[in-house]
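All chains are identified by letter, namely A, B, C, D and E, in their written order; residue positions are counted from 1 within each chain.
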Amino acid sequence: TSSTNDKKTTEVRIGILQVPNDVAASRQLKYISNYFDQEHIKVKYIIFDSGVDANKALISGDIDFATMGDTNAVVALTSKIDAKLVWVNDVLGNNEGLVVRNGSGIKDFDDLAGQKIATPFASTSHYSLMMTLKKHHLLNKVSLLDMDTQDIVAAWNRGDISAAYTWQPTLTPMLKNGHFLITSENLRDQNRITANVTLVRGGFERKNPKLVSGLLQQLNKAHIEMQKDPNITIKAASKQMDLSYSEAKSQIGTSKWLTSKQMVDDKFLSETFPEQLYITGKFMSQQQTIDHAPSKKEINDFIADKYVNELGDD
Amino acid sequence: MEKIIEVKDLTLTYENDDKPTLNSLNLDIERGEIVTVIGKSGCGKSTLLNTIAGYLEPTSGEVLLNGEPVSGPNWKLGVVFQNNALYPWLNVADNIGFGLKMRHFDKETIDKRVTTLLEQVQLTDKRKDYVFSLSGGMRQRVAIARALANQPQLVMFDESFGALDEFTRNDIHDVILGLWKSLNLTFFIITHDIDEAIKLGNRIMIMTPDKTSQLKVVQNPYFNINSDNIDSNYMKFKNSILKQII
Amino acid sequence: MEKIIEVKDLTLTYENDDKPTLNSLNLDIERGEIVTVIGKSGCGKSTLLNTIAGYLEPTSGEVLLNGEPVSGPNWKLGVVFQNNALYPWLNVADNIGFGLKMRHFDKETIDKRVTTLLEQVQLTDKRKDYVFSLSGGMRQRVAIARALANQPQLVMFDESFGALDEFTRNDIHDVILGLWKSLNLTFFIITHDIDEAIKLGNRIMIMTPDKTSQLKVVQNPYFNINSDNIDSNYMKFKNSILKQII
Amino acid sequence: MNSKGKKNYWLITIATWLLIFVAWQIATSFRMVPEILLPSPEKVVSTFVKLSEYGYNGIPLWQHFLITMARLLSAVFLAIVTAIPLGLISGRIKIVYSIFDSIIQFIRPIPPLAYYTILILWVGIGETSKVVLLYLAAFAPIYLACISGVNRVKDDYIKSAESLGASSKQVFFHVIFPSALPDIFTGIRTAVGMAYTTVVAAEMVAATYGIGWMIINASKYLKSDVMFVGIIILGITGVVLDQILKYIERKIVFWSGR
Amino acid sequence: MNSKGKKNYWLITIATWLLIFVAWQIATSFRMVPEILLPSPEKVVSTFVKLSEYGYNGIPLWQHFLITMARLLSAVFLAIVTAIPLGLISGRIKIVYSIFDSIIQFIRPIPPLAYYTILILWVGIGETSKVVLLYLAAFAPIYLACISGVNRVKDDYIKSAESLGASSKQVFFHVIFPSALPDIFTGIRTAVGMAYTTVVAAEMVAATYGIGWMIINASKYLKSDVMFVGIIILGITGVVLDQILKYIERKIVFWSGR
């Protein structure tokens, strides 16, 4: 890999999701390229369909940064991948949710009993769904189907399933003949936060702390911009993702792009979010999807909030 | 004598072939005789057999069996091939009874006839054996028994003994002649071994590649003779045949 | 006469076999003679050849080539197999030159010798042809030429002509005898055709399955005789051999 | 080949596996490779025991295994009952051949994953799509084997049967079919292999059990110990399956190759 | 089989395809099936034209195609240069056979997707893991074909060579190798088929081009027209590839089967 030992880093590889997020916006707005050009470093973007593959790439050392859902970050943590969580890209809102088919007779959570519900396993949606089901004592009363988002739409169109917890852009076609039973925004309000986060590979972080700060600074710019004038940011993200403005807008939905200042001031990265990860980890280990629940210490070691703290002063 | 087979002006030209392989050929086979056919490789022996057996349709002329035209393979015309074509998935008894089963004979009749045939070819103890466990000579005897099971009017052999060694071949000759004598059968035997043609044939037919229309039929003074009694003219006779072939 | 091969008290027992296939066998082959070997299937003819050729190691006793023990296959001992074992990926010339190439002769020498051999087996015009386009008889002639290319001391044939029809076989016999006369070669020929054994052998060796230790060697009055001159005793002679075999 | 001195070669095979095992043990004991890349043998064994006792995702390991086998075998069964008749008839009747062969030749090389989504759109996410995917993988080998089997039936077999009084139908059932059986069996073995290779792909979508699903699911949570257990189970099952088929083959087409 | 009257059977084949095409056209024109389940022929053609002109995801269609072929062929090439020597030696030397055969027999049936994740953990998400996955799919068929090729070399070929003065090494290179070539070619064709079947799986993770990736990506957005274009390309390529291999085979092992 290009970033080993004494050799100067000449290339940084960023694993991205194909969604209109802060990375997409700062790419389009040339924040990222301008920064790395000035450092004489090449940037390479690698698209991942999910955090699952991004984690694999972190292990094999093929990427330096990766954006993923926080559930995959928990997987990374408990699998002892040498990586640190350095950034929260967005706190999920109504761009993820549980949709049920109109006319399927599902009016309330209790009606879900006996239904087939699809969701991409290991995703934030999966976690949100499980939390919801648990809350309503439905855990063993529904049959869960592990499906990729495209397969969810296909199954939905055929009528194979009448409920699914998934994210945009998959939600849009489903909402044509369906409606939300709950969204991640509702969960957020109930203090069950899910988020997309950025991990940095340990080897890279130790060697290039400056570059980590630098990249986060660029992402933070997009967050600041988003809060000042969302239109510019959404437009940039839509252009980057080859989407229409309205598509991008609905895909971003009510997700929150916290600035570093907000993260610091609200103790988001030092208290709120670690707590959420702790709950997530405990829940996932109860579900036996991970082999142990991470301790609070492990989580605190995993989250390297010093970069955000530095930026927060800006 | 009663004619079993009449071949009349038989011409056979293979598809995509310009010259006929068999050209206006005439031949009668009478009940109870053994006709042996000898000729160089490629002269048309198998073609003649295939036409008589009904596998090939004559281009012109006809083949009559008991006065009726042969219109396809027929159980009245038995055939034994060089590699005996026994079915390896059937045991000896089932191979021999195959034709009778196809013709819907009942199990008892089949069993009885198979038993008799096994005795005649001296393979009674091999009844339940599979073909792959038999020697080459035994396999040929099973093939002969299978061809005889239908009690056909004529049994034809297409170089059936060529793959056997000389000693085994001698044994088979004796089986053939023994069956012929005891059951009054009619045989049509293709061979490329002159000694065999002489030993087995009442009549020897010599086929030449260029003018197949003319079959030379030779009366054979040495038919079925004990080899100890062969006189000094045997070699001359054999040589005269050899020369006609070439 | 000079002895090329001396087989001394040769015993060969196959692995997992309790009885020896060859039992204290003795045999000399002299330069310039043709020894034909005849015997029933399974009596051990090929085993003997394989041991002389060095493919099998004697269990006891020894095989000497010019007084030296044979310790493995050797270019001085040529072998021609029944299915000729010609290499289908090589053309006729390359097949014939194969041994010389393996022995690192230069291209010119190989070419010259191949040309001579092609003339001797009358296949000059087939030089560049591949084996699959040749007839059975031609293939055997190529196989003989290939075995001769190394100018071996002894050429052995293991039922090499069994798959050929009688007429082609006669041609090959003439080729063999022609080469033998003109090049003063030594041959060791296994066959299961008594006529062939008589026609080709100065000496005929009869092998019996039960007591292989005793090879019966017969002096042959009919060696290389023109078949027109064969007298009335020929059949008696042949029959006497036949009886010894069985 | 060499008839002089036969050693006990299976000892070498055993030694090889022991060596692999020891190397694996050493590599993991001395932490030469991270646990996640290569779980230790003990870990794999203990995971296997755990999975056997408590199951994966609440379902016992043997049930995962059985459902996978059920999918595989029902697909192969369907392929056998459809491909054999079609293949034999195609081999015998040129018109049928002309109709089907090019279609099958066209579909055959397409990777199953390429059309899996289309298949799901057509037949849904249930067992059907999984079995159909495996069925499509298994069909062509059997079909092609039947055609080559029929083409290789010795002419003399057919001629003999005809001269013995068999009708065309009898020739088909009593001569062509048994003659082609050895080839058909080879085809079935290839078909099982092809379907087996597709088993994980088939369980990738909307499954909640099956060994393939277990491996895919474990890979989402980077549980390499479970993945190793799954892979080893698939490896052993593959070998055992082939041996069973070979055994059945030897029993049924006992004459083949003799 | 039937020598009487040979019809132009390829006309039937063409008619069959026309019929399929017409049925497809009718089914879509009359909206008997939704566009998403079965895009119309025009749509597929126009999508093909569009992809050829403007590319998919900014990359021209032919580049997607070439990269997939490059992955496939480099994997097959690697398999050829490693499996042939190992296979031939295994076929000849029992000790080598005892060491490798059981390992390969064990790995062979495992579905590539089962170990793809492990492979990615080991060698990364780059081209290496893709090529290695295809390589593993291609290796066993060639290896096994070599062994069976060596075992089928006629004893008389070897004996003749020895008696003609060839050393063991010469026997290996001048007799065993060419003798086994027809089998090796059959193995290579099977290997290409196996690797080809794996091509979509290999491009499923972290790829940004390749026909397989295009299909997978299109399936995420349910672009069935693009999927159809991809599937048809894979089908045609598969047939063409096999024909090319058969042609090369006929040229190189011209003596085989004659």
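Observations
Assume a residue touches a chain if its C-beta (ideal position, glycine included) is under 8 Å from a C-beta of that chain, and two chains touch if they have at least 3 such contacts.
The chain list, named the UniProt way, goes like this: B, C = ABC transporter ATP-binding protein; D, E = ABC transporter permease.
Keep in mind it's a predicted model, so treat the numbers as computed, not measured.
Any chain that touches chain A and also touches chain D is listed here: E.
By C-beta contact pairs, the most connected chain pair is D-E. Work out the mean CA point of chain A and of chain E, and you get 38 Å between them. We define each chain's centre as the mean of its Cα atoms; on that basis chain A and chain B are separated by 86 Å. Inter-chain spacing, taken between the CA centroids of chain C and chain E, is 48 Å. Computed centre separation for the pair chain D/chain E is 18 angstrom, with centres defined by C-alpha atoms. The set of chain D residues touching two or more other chains comprises 36-37, 117, 121, 216, 219. The set of chain B residues that touch two or more partner chains is empty.
Chain A has residues 56, 59, 148, 150, 154, 157 in contact with two or more other chains.
Residues of chain E that touch chain C in their complex: 154, 156-157, 159-167, 170, 174-175, 178, 181, 253-256, 258.
Touching chain B in their complex are the following residues of chain C: 40-41, 162, 165-168, 192-195, 227-228, 230-232, 234-236, 238-239, 242, 245-246. Across the interface of their complex, chain E is touched by residues 53-55, 72-75, 77-79, 81, 83, 85, 87-89, 98-99, 102-103, 130-132, 146-147, 149-150 of chain C. On the side of chain D, the complex with chain E involves touching residues 1-2, 7, 9-10, 12-13, 16-17, 20, 36-37, 92, 94-95, 97-103, 105-115, 117-118, 121-122, 193-194, 196-201, 204, 212, 215-216, 219, 224, 227-228, 230-231, 234-239, 241-242. Interface residues of chain A facing chain E in the complex, by the touch rule stated above, are 46-49, 53, 56-57, 59-63, 148-150, 153-154, 157.
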